[in-house]
Amino acid sequence: MKVHGEQRQDSDFDTLQTFLPETPILASLGEKGDLFFHHSEVNGVTFEELQEGQLVDYEIGEGRKGYELRSARQQQGAPRMKSHTEYLKFNVPARMDFLNITPEIEQVLRNSGISEGLLLCNAMHITASVFINDDEPGLHHDYKKWLEELAPFDPSPERYHHNRTGEDNADAHHKRQIMGREVVVAVTEGRLDFGPWEQIFYGEFDGLRAKRVLVKVIGE
Amino acid sequence: MKVHGEQRQDSDFDTLQTFLPETPILASLGEKGDLFFHHSEVNGVTFEELQEGQLVDYEIGEGRKGYELRSARQQQGAPRMKSHTEYLKFNVPARMDFLNITPEIEQVLRNSGISEGLLLCNAMHITASVFINDDEPGLHHDYKKWLEELAPFDPSPERYHHNRTGEDNADAHHKRQIMGREVVVAVTEGRLDFGPWEQIFYGEFDGLRAKRVLVKVIGE
Amino acid sequence: MKVHGEQRQDSDFDTLQTFLPETPILASLGEKGDLFFHHSEVNGVTFEELQEGQLVDYEIGEGRKGYELRSARQQQGAPRMKSHTEYLKFNVPARMDFLNITPEIEQVLRNSGISEGLLLCNAMHITASVFINDDEPGLHHDYKKWLEELAPFDPSPERYHHNRTGEDNADAHHKRQIMGREVVVAVTEGRLDFGPWEQIFYGEFDGLRAKRVLVKVIGE
């Protein structure tokens, strides 16, 4: 069957009208069985959109055929929520260090196909952080020194009761509270909607083993 | 009226075709008035889904009846955003303490019926926190000691100007900033998408009275 | 053509039934060509809603007209995700200070038209914060003193390696980590779903210049 898009005023329709939300489209069957899609009066769907769409036909009884055309816009649906989840794994070869994971997060966002929404990125371990700050080695040096002052590493069971469990990482649980567990980032026009210097970091406070970071994007 | 689901090729339809988005479904009225739903050519809706759906019929004029079948999938709609909000109340019998509220949050998530999305959980009071960390009493002891060092309780108006208002809880406003106001948690396949040790805590810094925690889930 | 809304039991329909999702509506053409919308059996659409809606008619062939009525509810669509983004600019005339930006955020929320969802508000600069706490000048005084103790301003390159880059704001990068980058706020019934004292603040730690805050609302 040939599919045409053309503007027509007459009404020798076979049966077709689609009551699809957003985009009712009129069509008719020509004498040779060709299908003509007519300009929709109802909204601004263009022939180009129609021709990129997917045509579906089916019997509706009484010898008549029903047609349904889902334009690309229809197939996608008007803004509907999508979600996309990925898990990243990092093995930091030091007890404490910061990794710029912005490129990995941007890749997850691309994979999601989401253009407007929110992106959540969180450490899945409670001795690690995800935070947003500057990609400057001097600052990272300062952060490490500062966090060590605020919550010094001390494996003994005296300073930290947590280390009476056999663990030695009580300090890491404290450092993570200062730097935070997660960031929520706006996704606008398919990009992380960042100010000029914002970069996403994985902050490790009890490293030398693989840990996971969750990235979830929801939006449209 | 009996409702059947069966694959048919003929076309003794009375009137029914549903142009519902996502799932057009064909049906016909049998001689005895039974309704037959036919395999939809358009998408993969199964008879099982049809039979779980809700049948709606109404007069459409000229002595004809219209039928609309909303399968469970249709009723839910293809991914549409839902939201669900609950308020929890906690009365901590100490000035400072931490409650593991993960079971309550999981119950809210079940109540929401949402399987993919984001869950926000925040203290609605500014002298309390919601945070994610370890359910280990030694660590909680360490947190209390540490927070007391960082921002000591001192009801006098000398150390904290805030206490010149007649309040005595300035320290609590500081402790809450360290531990944070809120967590945002990924919801995946109907569960809190957590790493092995993640648990949600309500952190009270000015207790001995009832306070509220908001839980909001958005998703599909 | 006049449009009426009235309850009728008879069925002198011309052709009209709308198979729009959520809201099938019955109508008929009167003898004088007037269109009567009848109470929908299917759901609780009211005549008021119908009359506020947008009537669309088009030829469907065989000399018959099709009518589609999109009530306001339909036009908006049943719960679909919407998103709305705005950027605010603040120029704080001090190195460190806190601005109550709740009124600006409430205005963005009104602009969004979203009634159920989540609102993200974050500093787009890495030496500033957005946080929620009390609008009390004494507390803000205390916060400034406390943050200065935790991470003192020191432009020299000795204390902070970051200041070896020619910057003098390493302290601001630390203060921002204590106070946080962002808040995520529940939107319920069109309002910021806040406890009694919650107010949103922009926290500036390296001011005297314009900086941006992002506000993104997603929901329905």
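Going in written order, the chains are labelled A, B and C, and every chain counts its residues from 1.
Quick note on the criterion: contacts are C-beta pairs under 8 Å (C-beta built on N, C-alpha and C of every residue); 3 or more make two chains touch, one makes a residue touch a chain.
Since the structure is predicted, the reported quantities are computational estimates derived from the model, not experimental observations.
**Student:** Please state whether the interface between chain B and chain C is built from the same residues or different ones, using more than half shared residue numbers as the mark of same.
**Tutor:** different
**Student:** To test your reading of the model: what rotation angle superimposes chain A on chain B by C-alpha positions, in degrees to the nearest 5?
**Tutor:** Rounded to the nearest 5 degrees, it is 120.
**Student:** List the centre-to-centre spacing of chain B and chain C in whole Å, with centres computed as mean CA coordinates.
**Tutor:** One centre to the other, that is 19 Å.
**Student:** Check each residue of chain C and list the ones that touch at least two other chains.
**Tutor:** 19, 21, 80-81, 118, 150, 178, 180, 184, 218, in rising order.
**Student:** Within the complex, which stretch of chain A touches chain C?
**Tutor:** For chain A paired with chain C, touching residues are 11-15, 17, 19, 21, 24, 26, 28, 40-42, 78-81, 116-118, 131-134, 136-139, 141-143, 146, 150, 178-180, 183-186, 188, 193-198, 218-220.
**Student:** Which bits of chain B are touching chain C when the two form their complex?
**Tutor:** 18-21, 56, 58-63, 66, 68, 74, 77, 80-83, 85, 118, 120, 122-126, 150-151, 160-165, 170, 173-174, 176-178, 180-182, 184, 212, 214, 216, 218
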